[in-house]
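Everything below concerns the one structure shown next.
Chain nomenclature is as follows: A, B and C, assigned in order of appearance, with residue numbering initiated at 1 for each chain independently.
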C-alpha cells in the first residue's frame, strides 16, 4: 500500500511557505505603520505670519493625476507644514496621468466622487454631458467672491466653460498658450559647412542638403516625441498652418475647416514627405516606437537639427557641456509659402477640476485656494516651500533646490500632489528661467533664449475652433468616419512615399461624402464666432 | 528502495532509473544537433536578458550611444539606488510576496477541490458544473460592473482585492481536471476499499501523483500574481498598499501609451511637464520585477517527476 | 386490477427519479468540494454579468447601467457596418490562424528536444533562460525587436554589408504578419513548453521499455509513446486556443502597428481601442466582448466535438 508519498516534505514545505507569507504580511503592515506618522496636531489659536486661523481645519478629499513618479506618501513633513499654515486637512489621492482619464470615469460611474476631482473638463463631451446632471457644484458665485482665484484663468476661457444655462462647473488649470517648439540645430556644423542660419524655408532646405553632403553619417533633421506633424508645428506656421487645428478656409473665410481639409496643412504634410524623400528627414520618423529617439540622436551628435519644446534647451546645453566645439543654435521663425512663421498656440487649459455637489465645505476650499494665491499669506509657501528644504537663498534671491539634493520628505513627488492653482503670470517666469540658466552655468545663453521665445510669439497661429463646442454627428460616428476613410491615408503620408496629392484628395472625398461634410457644417453652425481666438498672451 | 523513490527527489537511484527506463540514447550526431539547436535558441533568448541587465548598470548617456549593449558601459549603480530610494518600494515588495504566496495557496486549494469534483464525470450535473466555469472563460462583464461590485463588497483599497477576484482561473482548473483523469481508477478504488474518505483520497493518493500539474498550475497562478499590475492600479488608491509592479510602473513613466494622445494640442501641456525616466531606471525596474520570479522555477523542477512513482507503485 | 396498474405506473415513474436521487446522495461530497469554486464564480463573475447589457444600451454614466435606455443592436450595427470591418475581421482571423498554425507546434517541438537532454544543469539553464522573454512586456520586447529590424537595425546593417538594399521591415506590408507571428513565438515558446514538459514527466517509463522490447527505434518511440502521452494536453490547449480566435494579441499588435501596415495588421481590438478614445468606449467594447465570446463558444463546441471523434477527451 502506498505510504503518504512525500507527505512529510510536503507538509514542511507548506508550513514554511505559510510562515514566509505571514512574515511578509507582518512586515508589510509593520512598515506601513512606521511610515504613517502621527496625525497633524490641531492648530494653535495664535496666528503666525502668513497662517490662516480660526476654527477647525477645512477637511476635503482631493483626487488628481501626477506626471512624475507616483510615490507620494501621506503625512510627510511638507504636507504637515502646509496643513498647519493653511488650516486644512487634505486627503490626497493620486493616479498616474497615463491611466488617469480612464480611471476617473470609472470612479464617477461607480459614484465615488471626492470633494475636488481633476478631469479633462468640458473639452471632453463625456464631462460636458455630465455637468448638468447634478454631480458637480456650480461655482459662478464663488468665482465672483474670490477674484484672486478667478484671475488664474483668462475671461475668454471662463466664457468657454459656461454651459447653455451660463453655469460654470469646471475650474480649468491654465497653461501658457504659447509653447514654442524651437528648431534646435548644430550651429557649429552649419558654420563648418559655410551655411548661414536659415531664415526661410528654402534656406532651411538648402542648409540641410549641405549638411547631408558634409556629414554623411549624421541625419540632417530628426524629430522627437509626439509625432512629426505636431513636433514640427511651429515650422508649419511658415506655411500659414496651425497644425492639427481648424482654420478659415482660403476659399471661404467664413467657414472653418479641419486641418486635414486645409490646403495649408496639406502642403505642410507633403513638404515633410518631400524632406524624407530627399533624405533630409530621419528615415525613422514615424517609424521608431521609442518617443525619445530623435532627442537622443541629437544629443549624441548624430543629427544636425531637431524640433523640441523650448524647455529642452537647457537639457541640450547640458548634454553638450563636455564638447567645447559644439554650439546649439535656435532658429528664428522662418518665412515660407504662407508668410512669416511664428508659433502654433494651444488652448490655454490642461485639465482642471470639478467640485462635488456633495462637498461639505466648498466655501472653505475656496478660502484655501485664495490663501495660496495671496501675497503675505500662502503665496510664498506655494511658490517656494520651506527654506533649506525646497529652496535656498543665494545672493538675496530664492533659488529652487534640485530634487536630487533634497531630503526625502521634500522631493517633488511629495509636493506635486498638493498643487492646485498658479497665477497666469507665473506660467512662464523669466526670473526663474534666468536663475536656472545661471545656476547651471549657461547664464550667457539666457538672453538669446528669451529673445527667441518672444520672436516666436510675435505671429500666433491658434486653433480657431472652440474646444467646448461639439457636433452631434461627430459624437455619433466621427471616430469611425476618421478611422475608415482618413486615418490610414493621413497617418501614412510620411511612411508611404507613394502617397501623393491625388490619392490623398480621393480619400478626403470619401470622408466628406460619408459624413465629413455634415460634421464640418455642424461645427460651423454651432460656433457662430469664427474670429481668431485671443488668449491674451 | 520504494520509499527512496517515493521521496521524489533527484537522488542518484531515481536518476539512474530515469536514465535507464527512459528513451533510448541518441546517436552522437543527433545529440549534437539537438544540443546545438537548443543552445542557439537559448542564446537568442539570452540576448534580451543581457541587454536589459547591462542597461540597468550603465549610465544614461552611454545608453543612447549603444542601445544594443550586452555589457554595461560607464558602470553605475545609480539606477538601482534611485529605485530603492522610493519609500513605497520595499513595502510593495512585501505585499507582492504575501499576495503571491498566500494567494497561490488559496488558488490551489480552490482549484484542486474544484478540479477533482469536475473529474468525476459520472456525477449528475457534472456538465452543468463544467459549463459554469467555461462561461466565465469566454464572457466578462467589464470594468465598471466589477468596480461597483468590489465597492459594494468593501474590497476596494484593501490587499484582498489582489487575491479574491482571481481565486480561480478556469483554464488552470480544466488543465488540472484533465490530469486527474489520467490517474488510474484502480488507485482510488483500492484506497476506498481500505476505508479512506474523499479528503484522504485527495491528500494521500491524488496529490502526490499530481505534483507536476500542481507545480505547473501553482507556477501559473504565482506568476500571474507577481506580474499583475492592473488590479492594484485600478482598485487600490492608497499607494502604500500597491503591489510591486504598480510601484515600478509608476516610477517609469511609460510614454508609449501617452503617445496616442500626444499628437493633440491638449497634451502639449502634459509633455512639457512629463518627467521621462532614463533608460537605465526602466531597465533596473524590469530586472527587479523579473529576477525573483525567474529564480522560482528551478525549485519547482523537482516536482516534475511523477512517472517514477507511478512505475514503482505498479511494481 | 386497476390498483396494480396504477401502482406500477407510479413506481416506474419513480424508479428513475429514485435512482437519480440516490446518485446525487452518493455524490454529495463531490458537490461539497465544488461549492467553494461555485461560490467564487457566482459572486465574482455571474453577479456582474448584468454589465453585459451595456452592449445593448446607451450607457449614461449618471443614470447607471440599469436606468440607461435600450438601443438594441445599434452598437453592433455601427461596428459591423463600418467600411473597415471586413478587413478587420479578416486580419484578426488570419493572424490568429497563423499564430495557431506556427505558434502551436513550437513549444511542443522545443519540449521534445529538451526532453532528450541528459545533463540536468543544461536543461535547467535552457528552461530558465528561454522563458525570460515571456516576462517582458511587449513595450520592452517590441523595442528590442525594433532595434533589430528598424531602419538602422542590425538586419539592415547585415543586408548592406552583403551589398543589398536596406529594407524597412516595420513599415513593410508583406512582412507584417510574419513579423508578428515570429516575434510572438520567440517570446513565448519557452514559457509555453512548461506545460508540455510537465506532461512529458508524467509518461510512464515502462511504456518506453515495452516499446523498445517491441523493437521500436527512437522516432517510433516518440510517435507511439511520447506524443500520445502529450496528446490530451495538446488537445486541450488546441481547443482553448481556438476559443480565443478573435483575440489576435492586442498588446503586441498595438506596439507594432503604424499607419503604413494598417492594411494587414489592424485587428478588431486595436480599431475598437482607437475609436473608443473619442467616446462610446464602454458600449462598443462590451459589444465586441460579447461577440468574441459567442464566436469563441461556437469554436470551442465544434473543436471539442471534432476531437471527441478522434477519440480524445479535451473539454468534455
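In this section, a residue touches a chain if its C-beta (ideal position, glycine included) is under 8 Å from a C-beta of that chain, and two chains touch if they have at least 3 such contacts.
Nothing here was measured: the structure is a model prediction, and the numbers come from that model.
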Chain pair whose interface holds the most contacting C-beta pairs: B-C
Centroid comparison with subunit B (C-alpha atoms), farthest chain: A
Chain centre separation (subunit A, subunit C; CA means) in Å: 39
Geometric centre distance via CA averages, subunit B-subunit A, whole Å: 37
Subunit B-subunit C separation of Cα centroids, rounded to whole Å: 17
Residues within subunit C bordering two or more other chains: 255, 277
Numbers and ranges of subunit A residues touching at least 2 other chains: 109, 289
Residues of subunit B touching at least two other chains: 144, 148, 254, 256
Subunit A - residues contacting subunit C, complex: 105, 108-109, 125-126, 129-130, 133-135, 283-284, 286-290, 475, 477-480, 483-485, 487-488, 490-492, 495-496
Residues of subunit A that touch subunit B when the two form their complex: 1-7, 9-10, 17-18, 20-21, 24-25, 27-28, 31-32, 35-36, 67-74, 93-99, 103, 106, 109-110, 112, 120, 123, 175, 179, 225-227, 229-230, 244-245, 289, 291-292, 296, 299-300, 309, 311, 319, 344, 346-347, 350-351, 408, 463, 467
Subunit C - residues contacting subunit B, complex: 20, 23-24, 27, 29-31, 33-34, 36-38, 40-41, 43-52, 54, 65, 110, 113-118, 120, 122, 124-133, 135-136, 139-141, 144, 147, 154, 186, 189-190, 194-195, 197-199, 201-206, 208-209, 212, 217-218, 221-222, 226, 232-233, 236, 240, 243, 255, 277, 282, 285-286, 289-290, 292-293, 296-297, 300, 313-316
Contacting residues of subunit B [partner subunit C, same complex]: 10, 17-19, 21-24, 26, 30-31, 34-35, 37-39, 41-42, 44-49, 51-52, 67-68, 109-111, 113-114, 116-118, 120, 122-125, 127, 129-130, 132-142, 144-146, 148-149, 153, 164-165, 167-168, 171, 173-175, 178-179, 181-182, 197-198, 212-213, 215-216, 219, 223, 227, 254, 256, 260-261, 282, 286, 289-290, 293-294, 297-298, 301, 304-308, 310-311, 314
Contact footprint of subunit A on subunit C as seen in their complex: 60-62, 78, 82-84, 142-143, 146, 150-152, 168, 170-171, 255, 258-260, 262-263, 271, 274-280
